[in-house]
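Each structure below is given as structure tokens.
Okay, so chain A shows up in both of these, paired with chain B first and chain C after.
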Partner chain A sequence: MFQHTALRYTALILLAAGAFAQAVTAGYFGLEVLTEILLLAMLVLALDMVAGFGGMVSLCHGALMGLGAYAYAILTTKAGIAPPVAMAGAIAITGVAAWVIGAIGARSHGIYFIMATLAFGQMAYSYVFEAPLFGGDDGMGGIPRLDLTLIGLDLNDSRSFALFCLLLLAASYGAAVLILRSGLGRSLIGVMHNEQRMRALGLTVWRIKADVFGLSGMIAGLAGALAAQHVMYISPGPLAWTVSGEALVVVILGGLGTLVGPMIGAAAFVVLKHEVSNVTSYWHLVVGVLLIAVVMSRANGLFGWIEARWGARLERRLSDLTRKSDAEEVPTDA
Partner chain B sequence: MSLDPGFWALQTLNALQLSMLLFLLSIGLTVIFGLMHFVNLAHGSLYALGAYVAAAAATVGGYWTGFFLAPVAVAGLGILLYSGLIRRMRKSGPMAQVLVTFGLIFALLDLTRIVWGDIALAIELPALLDGRVSVFGIGYPVYRLFIIALGLAIFTALAMVLKRTQIGAMIRAGVDNDAMAACLGINVERLFFIVFCVGCALAGLAGAVAAPLLSVTPDMGLQILIPTLIVIVIGGLGSLQGAIAGSLIFGFVQTFGAVLAPQLASVLIYALLAAVLVIRPMGLFPAKG
Partner chain C sequence: MLETRNLDKSFGAVHVTRDVSLKLERGERRVILGPNGAGKTTLFNLLVGELTPDSGAVLLAGEDVTALPVAKRARRGLSRSYQKNTLFDGLTVEENLGLAAAVHTGSATRLWGDSLATPEVREIVEEVAEQVRLMPYLHAKVSEVSYGVRRQLEVGVALATRPLVLLMDEPTSGVGPEMAKGFHELLNDLPRDLTLLIIEHDMDLAFDVADTITVLNYGEVVFDGLPDAARGSKLLKEIYLGSWEDA
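Right, the complex of A and B next:
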């Protein structure tokens, strides 16, 4: 089951504080970078849910996010639906699509599952690329942002928009933790460890996989609807499989199956990308070598490495402290 | 829509030519997977590298220098990759392998950009393969016919080697059950190494062959990767028949799809892949029954 260790709480608090401080103090460019990080964090959170806790390595999460963005864009600009309803609609549509993909892919494992998700993602990409309804490879512009003037927030201001994204990221994180702690999430982890055993226990394995994949798709859809509002324009580019691949890279560099790690990874990835791009145009070489090094080192990403190195020590010290003040023991299994 | 037989003959040849190019790539990838259970996403990058080596060698020594040098150079890189990375990743799960080779794609992409720049390169064809011949009353480029012939020749050669020679029998045994093959005294590791090098050489050859047809750009490896993966998954991982069947299906669906239903052409092949994965999750001709 997904547990919050002291280290994870510390990292979460630091992340939230850092993002909040950045949102309050940064200038225009800093806010744009922050929003980019928050949206990527939301996507990798969704991906970590299925890849880290269900063993479902998906190469279509970029496409799911794109689907959410397109659904929001079509619903607001073509169908004339109010932004809040359109956002809910986009999340629902992406969730259903992800549920179907998860249900179809549930039978396959390992590389076949990766290929199946790749196929569905690319199908969406090439369809959107060609279809005139979606503006083809020209994309679509004029996407409105949510109107929150009722509660005194003007989302057309990039500071408010960044804060709004931060709030929704926190909500998504909470939802992901709740899902993973629910019976559904526990069953999913069981399926990842031993599918036959879970089947023997009477669980409908494909339903569990499809349900979590659908929920993860809803988070990806939310990220997409926000991304469409962020740049107010969409093109088929973000649906391509390389975007999903990059999201997977962020999850791995951050730490698979830790939820907190991928979000740290997202922050590190975006900041590194901007910094390296300032120095050289060969950003992909840096990422490629970094990725190979991390995977070869067998550490579970940046956060996994920190957890393995300092997590236990921190936990012991904390439990010593609490034992002195309080006889109760803190659960320590991570 | 034309009912002219020449038109259909032309499209059939186009489909065959695309199929053969994909076959050269997918056969290496599929046997590497079948034998080693190793997912090499960087196979497309090796193909791009082959195209670059061919283009560079062609400017110095003409087309044929590039044609013969590219497979050798790419196989050389394959040896380096095998001893440096792949051998260590043999025992890890598919996810780690996908990621390491994904990292390799990124690294090789930028390395080709550093060495050869961002500008597309082109290769001059030799006089022998330049020009057109008349097929069913329609002029068809000789070079495309050459690709079809080369693909068929390599398919025949590989089929003969796999079926009739001792090393072919050893490879088939290794794909079927590598632990048992090792118990019977076959040096499976050495077999892996040979197959990996041949697969890399074929990828380099495919690059050299494709270079005059398409422009040589850094991202050509990424563009060919997805069709190649589709081919091997439709065909079934690890088998020669699967690779040729998958290549033909892809080539014909793509070419005739573009002619008959241009709106759906690009989606069609992915829909087919999804259908195959649902109905026969192991592909049409899996190596293991």
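Right, the complex of A and C next:
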């Protein structure tokens, strides 16, 4: 069951504080990097929901994010729909598409599920790449950002946009936690532990998987709609399976099934990409070596390693502190 | 309450269930005996829908459920425990019972709110934990409790769906004599209106708990009657009970 430990709270606070400080103080390039991190964090959060808590390792989440971006682009630039409505529409469209993929893929497991999602993702990529409606390989430009000037927020300003993305990432994280702690989320975790038993208890397993996959798709769709607004342009590139593969690498590097870990992984991945690519264009090699090291160490990613090493110690220290303060309070009360 | 009509199942050339017809009344406690390979677990798999029969029918509370999948049969009141523990190892005993109870109450698919925190689920969890003597272990993880406790939980999870008919596949499998004795009491304390169908190798338990006994051999019903008649049956002694009689 998903639980917030002291270490997870600490990591969340540090992440939020770090992102906020960066959003307030960074220059243009720093803000671009921060927004890239926040959007990737949203995507890997969506992926961790299904892979880490449902055993559904998806290779189509990049395509779902791309679908959200294209849906927003078409609704705003071709259908002339107002950006806020288009954003809601993009999230809904991606959610429905993800639900269908989840429902179809729910009967397969392991490598077969991965292949099924890969096929869906590549189908979407190929179609978008060829279809004139989506601008083919030229993509689509002129995508507007949301207009929040009514509440004093100009999203055409990079700083405001980064803060807006941070706010929506926090909301997405809250939604993911609520879902995983709900009856639906608990059932999903039960299915991951023992699908046969959950079915024998009377649960319609495919429906649980499809529902959570759909909800995860909605978060990926939100990330896509924001990504389209970020660069005001969308091309078929984000739908390629390599984007989904990269997201999976980030989830594994960060810590599968922890929600917090993949977000740390997203920050580490983007920073590493920018820093190492300053030195060499073979930055993927460095990520590859790091991934091999994490997998070989048998730790559950970077955050899993930290949890295993310091999690219990921090919990003990906190409970000691609580006991001490309780003991100090007793004489005063008496 | 539960009925089979001429159930037949083959795997290739191996005929594992032959023309099995059973009828269990409400509240009846029937024990199925038979040597290894007699087709007892296959019969359970046919009853709950994990296997599809080649021919024949399964009726639950008078309704034909042969075409229904596992989950739908379970929701109609057919629950089972397994010979090998089939639990949620990473979760606590309470969460294991809660997951089953949540499926029964319908809160397992709710998007808002913790399904295990609802009064209905908590009530079932407490009641079942009392029934299967699990109160002291509620907050322990399954991986941290003894094998015997896991066997109790195996039955508890099946009970938490509030079934009409409970199928138990060797509930005392692998537990010591003392623990097995506790299991006898546990089964005898279950509500009398609950229909039980139990596969068992422990003869003491079989004769202690059973209202009726069915013996399978090579997938066929070779005896169906009262425990006293089973004790006196020559055929049974030949195919299965020799070692028990000698002991």
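Criterion: the second predicted complex is superposed on the first by the 323 of 334 C-alpha atoms of A that agree within 3 Å, B and C clash if a C-alpha of one lies under 4 Å from a C-alpha of the other, contacts with A are read in each partner's own complex, and residues count from 1 in each chain.
Just so it is clear, contacts are C-beta pairs under 8 Å (C-beta built on N, C-alpha and C of every residue); 3 or more make two chains touch, one makes a residue touch a chain.
As the structure is a prediction and not an experimental result, all values here were calculated from the model.
S.K.: Aligned on chain A, chain B and chain C: do they clash or fit?
M.R.: Fit - chain B and chain C, as placed by superposing on chain A, sit side by side.
S.K.: One more residue to check, A:310. First (chain B), second (chain C), both or neither?
M.R.: In the superposition, A:310 contacts neither chain B nor chain C.
S.K.: Identify the partner contact of A:207: answer first if only chain B is touched, second if only chain C is, both if each is, neither if none is.
M.R.: Touch partner of A:207: chain C, not chain B.
S.K.: With both complexes overlaid on chain A, does A:104 touch chain B (first), chain C (second), both or neither?
M.R.: A:104: touches chain B, not chain C.
S.K.: Rounded to the nearest 10 degrees, how wide is the angle at the Cα centre of chain A between the Cα centres of chain B and chain C?
M.R.: Value: 80 degrees, nearest 10.
S.K.: Is A:9 touching anything from chain B or chain C once the two structures are fitted on A? First, second, both or neither.
M.R.: Neither partner.
S.K.: Of chain B and chain C, which one touches more of chain A's residues?
M.R.: Partner with more touched residues of chain A: B.
S.K.: So, does A:114 touch the first partner chain B, the second partner chain C, both, or neither?
M.R.: first
S.K.: Please work out whether A:126 is in contact with chain B alone, chain C alone, both, or neither, and reply first, second, both or neither.
M.R.: After superposition on chain A, A:126 lies in contact with chain B alone.
S.K.: Just how close are chain B and chain C at their nearest CA atoms in the overlay, in Å?
M.R.: For chain B and chain C in the superposition, the minimum C-alpha gap reads 12 Å.
S.K.: Indicate the residue numbers of chain A shared between its chain B interface and its chain C interface, in ascending order.
M.R.: No residue of chain A touches both chain B and chain C.
S.K.: Please output the residues of chain C touching chain A within their complex, sorted ascending.
M.R.: Going through chain C, the ones touching chain A are 48, 50, 70-72, 74-75, 79-80, 82, 86-91, 95, 98-100, 102-104, 107-116, 157, 161.
S.K.: Please output the residues of chain A touching chain B within their complex, sorted ascending.
M.R.: So the residues of chain A in touch with chain B come to 51, 57, 104-105, 107-108, 110-112, 114-116, 118-120, 122-123, 126-127, 129-130, 241-242, 245, 248-249, 252, 282-285, 287-292, 295-296.
S.K.: Please give the residue numbers of chain A that touch chain C in the complex, ascending.
M.R.: Residue positions touching the partner: 1, 178-179, 181-184, 186-187, 189-190, 193-194, 196-205, 207-208, 211.
S.K.: Spell out the part of chain B that touches chain A in their complex, as residue ranges.
M.R.: It comes out as residues 33, 39, 85, 88-89, 92-96, 98-100, 102-111, 113-114, 222, 226, 229-230, 233, 237, 263, 266-267, 270-271, 273-274, 277-278, 281-282.
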